[in-house]
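Input: structures, listed below.
One chain, subunit A, appears in both complexes that follow, with subunit B as partner in the first and subunit C in the second.
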Partner chain A sequence: MFSNLFHPLHGSSWYIAILGCFALAGILIAILQSLPHALRRPLIRIVTFLGGLYYAVEYFWPTHSMPIPGSPKHMGNFLTPFISPAANMLSVIAGWTIGLGTINLCQIHGKRLLHAKEGKLNSLVFFIAMIAMFTLAVLKQAHPNLINKNLYMLLFEGLYQALDSTMFALVAFFLVSASYRAFRVRTGEATLLMVIAMVVMLGQIALGQQLTIHLPDHGFWHNFRVEIIRDWILTKASSASVRAIAFGIGIGNLAVALRVWLGLERGAFFDS
Partner chain B sequence: MQTRNVIRYLNRIDRRVLYTLLIIAITIPFFFTIQIRVPISRQTEQLYKVVEALPQNSFVLFGADWSASTRGENRAQSKALLIHLMRKKIHFIILCFDPQAKTLMQEMVTGMQKEYGYTDGVDWANFGYRTDQVNFLKGFGPDIPTTLSMDINGKRVQDLPVMRGIHTAHDITMLINVSGSTTTETYIDYLQGSYNLKMVAAVTSVMIPEMINRLDSGQLVGMMPGLQGAIEYEQKLGYIGKASAASVSASVAHLLIIALILLGNIYTLIEKRMSSSVRGRN
Partner chain C sequence: MEHASPLVRIMVPLFSTCIVVMIQTARWKQIKIRRIHGLTAIEEAIGRATEMGRPMVCTTGLGTARAGIEIVTLQALSIITYIVRSSAKFATKAVLPVFDPQMLPVTQEAVREAYNLEGRPDLYNTEDIRFLTNNQFSYAAAVAGLIWREKAGATFMFGNYYAESLIIAESGNQVGAIQIAGTPATMQIPFFIATCDYVIIGDEFYAASAYLSKEPTALGSLVGQDIAKGLLLIIVILGSAAITFSQMAGSSLGKTILDLFS
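Here is the complex of A and B:
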């Protein structure tokens, strides 16, 4: 039943389904927009609760043998067959949120450009970049000829990837400048931090490791090799604090998830 | 008087001088082929043994989640791991949660496949970039063919020989994640844990402290720590790759930072002493 419901479509029926989805989404958005504020809050709460409930129940509900083609040992419960379609649906919703973000960006930069405000040149670059990338990506998919492919690669690899590398590489220059101007030892803790940072750095680089490479591979003096000290700092001292932070974040995330799921969260979700 | 001149000079060092020093420190070593033998770390040794123990024709999910920004570390890591997999004739599929990784990995494997007698679709496949990792993995675990649907060449999963017999996450022998972001943790949370998968990771240096806990807990059975891990892995494979070539540059850049931290602090110390001695005389 489920495989028929979520059967992949091809050809004209695919286009019809896509158009149907857009029309349905448009109607739904129009209905949601026309709802009074008093009704929006319970609606969001119900949808959020049901969404969370599905995954929670599917995870905790006892499983039994549920063979699928090619996997006779497959386990699951009555909710398991919906996992894949639900994941696809959520990916589509995530896609819509990207669209929402794009509209928002266009509004902000469009206003800045129309009113000739400060930074209008940046806004113009934004529109040119977005339209060029979007057009070439669509053309590459629709008509994958050599010109479209090369133009797309020119933008994606030649510009986008190169800019990404450049931006990240600039961090090294800031680091060098900051290491000279900002890393000042004024207290005992700062001195300890500096010494540990240096040992970890030396232990993490090939030339640094050469400083103590002549120490024996076993025995007491082995413990003084820079990579062994680095390993001890990372696996014992540092990992304990990282673990504590991770536990804190985990508990915090659980609390936030429960608040959102049960509709207790205030702010952007429920307050106007 | 001489000390005062030094202080004045140190105080006036322009940041462009520091930038030039960094450029020199990074670029000069590239003109020389210096092979430095490094001690192999426990984590890399563990990773090598795990991959080495994989039987021939095992099925590996290769999660590549890096972009041009972390290419310095992640590219060398990916290549070293791919060489090891291809030498052992292990089948693998690539899955990316970073849009750039799709083309970066495709280029890399396409360039290597002839040397190792691999064929796209038969021994490996690239399923490209997917959005929303959490929800994708929730669907991927119980039903791989439906969730993946088709590879980047538009071939359906059912038509790919490499995907024969792969239905759920239980059919994956090992999960490798090369990452410059938080995708490793998401893989652990939504795939490794649920299916008790054997998982290894190759991460950037800044991620090492977080991943060591995952290694201690047994969620990861091996880890390649940063560029240094890639150098060690190349050494284990007996191959000189990008990581080994970059090791001197990375080392000199780190040493420059250490030297500048020391110099900056020495300057502050001398300046403090001089000002206190002037105050003492007054």
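Here is the complex of A and C:
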């Protein structure tokens, strides 16, 4: 049933399905908006509980062999076939929220432009960039000729991705200023941090490893080679604490998930 | 699809029972938790921003847009909600840049509710909760720009962060904001330690809402988490000892235990 529901449509049926979806979504939103506040919370809790229950039962229910095309060893249970339609539904909801985000951006920048507030030029750039990118993306799909493709590539790869990489590159410069502050020897902890960082950094580079290369390849003194000390710090001292943190985080995630799923959360989000 | 192993089928319900039982217990029994410096400093940071007459910038991190709203992001929003409630007492402006568009309506509703609870619905401004972008470095650039333009007096960074953590935190540092961060992303903790005034490490992140609200549900949940961690610690010690001694004795028990846990 679900595989037929999500079967790709073509031609006029595709347009009818899209319009039908919009109409259905509009009706649903209107119904939800008209609900009294007192009813909204139980509704959210019921939907959250049912959604969580489905994923929990699917995860814990015993599995058996359930071969699918491309994966003959696939395991699953009676709920597994519904995972993909459920994921599609989540993608659709996520798609709708992109629209919400865009409306929010247009509201903020539109008001700033209309009232000629500070930063109006930035808002103007936002609208120009958004309209240009949107128009060219649609044109590239609708009329994929060389001009449209090149214009799109110019904006996407030539500008957007270049700016993205520039921001990433900034991390290197920020690292230097942050490291300088962190490694200033002010307290005992800062000194310890600096010494350990120095050992790890020396162990990572060939020049650092050259410092202790004269130490033997085996035996007691081998342990004092800078790369061995580095490995010990990274795989023993550091990973032990990281794993301890990971245990705590895992259980913390479980606790928050349980509180949200079972509607036990109090004093946060929308619950007074 | 991944499914639960036999051990997970035992351990997750066991830990869940500990947490739910303690939540119920906390509703009639008073529970106290230790002082956490990073969280105590939240009041100080709000106070500083108020004195300077500057706004606060609060971010809930990136989460993972592909997987929908994450538990980590919800927990971060829970902490930020308490910060907004505290700041409402002094009418200090809080700006919340949002990364995931799915989080936008959730954040708007949570902040509106926070102001309502403090009796200051007039402080709610839709422009203060802004969806910026769902691209990692565009978000970093936008938040850094926001911190600079608004001259943030305090920045709060809770949630999941990746390489953008340093760009955001360093920008806050450069404008002289008091900075508090908390993340379960262990790779980003060193960057926050280098740039922030206070950092909430690891599972302290999950203790934050209990510590700030003193709400019995959150306090009970925290005690339940500690009991679960205690059980986990016992399992780790017993497992390590069993494997070590079985290897010394040449028994196959160690392999059986490893198979059970893998």
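Definition applied: the second predicted complex is superposed on the first by the 224 of 272 C-alpha atoms of A that agree within 3 Å, B and C clash if a C-alpha of one lies under 4 Å from a C-alpha of the other, contacts with A are read in each partner's own complex, and residues count from 1 in each chain.
By our rule, a residue touches a chain if its C-beta (ideal position, glycine included) is under 8 Å from a C-beta of that chain, and two chains touch if they have at least 3 such contacts.
Keep in mind the model is a prediction, meaning the values are calculated, not measured.
Enquirer: In the superposed arrangement, does A:104 touch subunit B (first), subunit C (second), both or neither?
Expert: The second partner, subunit C, only.
Enquirer: So in the superposed three-chain picture, is A:83 touching just subunit B, just subunit C, both, or none of them (first/second/both/neither)?
Expert: both
Enquirer: In the overlaid three-chain picture, which partner chain does A:167 touch, first (subunit B) or second (subunit C), both, or neither?
Expert: both
Enquirer: Tell me the contact category for A:198 with respect to subunit B and subunit C: first, second, both or neither.
Expert: It touches subunit B, and subunit C stays clear.
Enquirer: With the two complexes superposed on chain A, say which partner A:94 touches: subunit B (first), subunit C (second), both, or neither.
Expert: both
Enquirer: Could you look at A:181 and tell me whether it touches subunit B, subunit C, both or neither (first, second, both, neither)?
Expert: A:181 contacts both subunit B and subunit C.
Enquirer: According to the stated criteria, A:249 is in contact with first (subunit B), second (subunit C), both, or neither; which is it?
Expert: second
Enquirer: Name the contact category of A:207: first (subunit B only), second (subunit C only), both, or neither.
Expert: Only subunit B is touched by A:207; subunit C is not.
Enquirer: Look at A:60 in the shared chain and tell me whether it touches subunit B only, subunit C only, both, or neither; answer first, second, both or neither.
Expert: In the superposition, A:60 contacts subunit C only.
Enquirer: In the superposed view, which residues of subunit A touch subunit B and also subunit C?
Expert: On subunit A, the residues that contact subunit B in one structure and subunit C in the other are 76, 80, 83, 90, 94, 164-165, 167-168, 175, 177, 179, 181, 242, 246.
Enquirer: Write out the stretch or stretches of subunit B touching subunit A in their complex.
Expert: 13, 15, 18-19, 21-22, 26, 36, 38-39, 41-42, 67-71, 100, 103-104, 130-132, 135-143, 146-147, 149, 165, 167-168, 170-171, 205, 208-210, 212-213, 216, 226, 228, 231, 247-248, 250-258, 260-261, 263-265, 268
Enquirer: Note which residues of subunit A are touching subunit C in the complex, please.
Expert: Checking each residue of subunit A against subunit C gives 58-61, 63, 75-77, 80, 83, 90, 93-94, 97-98, 100-102, 104-105, 107-108, 111, 119, 163-165, 167-168, 170-171, 174-175, 177-179, 181-182, 242, 244-249, 251-260, 262, 264-270, 272.
Enquirer: What part of subunit A is in contact with subunit B in the complex they form?
Expert: 6, 8, 55, 68-71, 73-74, 76, 80, 83-88, 90-91, 94-95, 153, 156-157, 160-162, 164-165, 167-168, 172-173, 175-177, 179-181, 183-185, 194, 197-198, 201-202, 204-210, 213, 225, 227, 231, 234-235, 238-239, 242-243, 246
Enquirer: Which of the residues in subunit C come into contact with subunit A in the complex?
Expert: 1-4, 9, 12, 15-16, 19-20, 23, 65, 68, 71-72, 74-75, 77-78, 81-82, 98, 100-102, 104-106, 109-110, 113, 117, 126-127, 129-132, 134-135, 137-138, 140-141, 149, 163, 166-167, 169-170, 173, 184, 186, 190-191, 193-195, 201-203, 205-206, 209, 213, 215-218, 221-222, 224-225, 228-229, 232
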